[in-house]
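First the structure, which I've put down as structure tokens, then a few questions once you've had a look.
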Amino acid sequence: MKSFRKELWFNLPERMALENITPQVEQCLAESGIREGLLLCNAMHITSSVFINDDEPGLHRDYKKWLEELAPFDASPERYHHNRTGEDNADAHHKRQIMGREVVVAVTEGQLDFGPWEQVFYGEFDGRRKKRVLVKIIGE
Amino acid sequence: MKSFRKELWFNLPERMALENITPQVEQCLAESGIREGLLLCNAMHITSSVFINDDEPGLHRDYKKWLEELAPFDASPERYHHNRTGEDNADAHHKRQIMGREVVVAVTEGQLDFGPWEQVFYGEFDGRRKKRVLVKIIGE
Amino acid sequence: MKSFRKELWFNLPERMALENITPQVEQCLAESGIREGLLLCNAMHITSSVFINDDEPGLHRDYKKWLEELAPFDASPERYHHNRTGEDNADAHHKRQIMGREVVVAVTEGQLDFGPWEQVFYGEFDGRRKKRVLVKIIGE
């Protein structure tokens, strides 16, 4: 069994942003030399996500609006107890639960084994600072 | 390490439907001959889900109603920017995020290592056409 | 390839509770002797979750309030069809979908390969009885 590990770093200028990281994940797979196995890609921070969906700007705008409705940003200590600790990112911890922490992708014949529109995204919900995604691949 | 890959195809007559695919997933595991490892089962389309929950028709009715409340179908271009592209399935992209893309299941002694009520479902949110689920198993 | 399996049992006195199980998961990894691979940790019941987020009591209070808003407890047969079966836990099946069934964690140099604040939680949404979590590790 072979294994491969790499961290991808991001520093997005907006508080909430959805970034297509498929090329970086494919680069990891190429570097690993693994042809058959499983690839895990996860946010290493608890206010961001890794998820798979469509690379369509209108949809991303819809996601941001929807997440803001489901878990609004509110830095005050009234809505979220978490923000009584001096933090202002309780909403980001909620948004990340909707969009998920991680994806597991099949590796087949040295490729990400994807359907026609699957793309991997980093979902940032508390940006404007350096944050990381982990790529771990096992197989042979 | 052994690996196994199979696609399961569906063409559900309704827009939204939840289908128990546990027998097909168990069949894949039997075909693979893998006794210890991990099984990944994921939707290959971005408007459908694979998830694990209870095979109870009342619960499925509840899920559909709840998903419709959280992300209503609306083909008009007003509610969802995604539907300004000519699509009408923005809601399905949202519903899929709630229910998830994939499950990873332990394989132990040649069986899906499940609790008493765990069953695997294909969640279709934009049906009436051919769509696929991937089963990938690694282990030995 | 090595594999390891262990069940963790819980009997939480409250209906809804979030319990940090990171020490038990780390103990499993130590027992397994696996240094490189993937660790799956999943609820074996369909009214509970395993998820990764922050160990901050205010945030957990926020999560419980938010989940109660998204899927309120209601034992009556009016709101949820599932509760016409004699069950009263339809809400718990919904809450579990938001928080997720499972996490997959990279194992690197014999450790859970975590970012600075990642902790594993058992999310109980229908407690006051014995329930289980599965830890499965593969690698070498």
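A, B and C label the chains in the order they appear, each numbered from 1.
Following the convention adopted for this analysis, a residue touches a chain if its C-beta (ideal position, glycine included) is under 8 Å from a C-beta of that chain, and two chains touch if they have at least 3 such contacts.
To keep track of the chains, here are their UniProt names: A, B, C = Secondary thiamine-phosphate synthase enzyme.
Computed from a predicted structure; not experimentally measured.
Undergrad: If you fit chain B onto chain C using the CA atoms, what's the rotation angle, as a multiple of 5 degrees?
TA: 120
Undergrad: Same or different, please, for the chain A to chain B contact, judged on whether over half of the interface numbers appear on both copies.
TA: different
Undergrad: With centres defined as the mean C-alpha position, give me the chain A-chain B separation in Å.
TA: Using C-alpha averages as centres, the distance is 20 Å.
Undergrad: Pull out every residue in chain A that's touching 2 or more other chains.
TA: Residues 1, 38, 70, 98, 100, 104, 138 of chain A each touch two or more of the other chains.
Undergrad: What does chain A use to touch chain B in their complex?
TA: Per the stated touch rule, the residues are 1, 36-38, 51-54, 56-59, 61-63, 66, 70, 98-100, 103-106, 108, 113-118, 138-140.
Undergrad: If we count contacts the way the header does, which residues on chain B are in touch with chain A in the complex?
TA: Residues 1, 3, 5, 38, 40, 42-46, 70-71, 80-85, 90, 93-94, 96-98, 100-102, 104, 132, 134, 136, 138.
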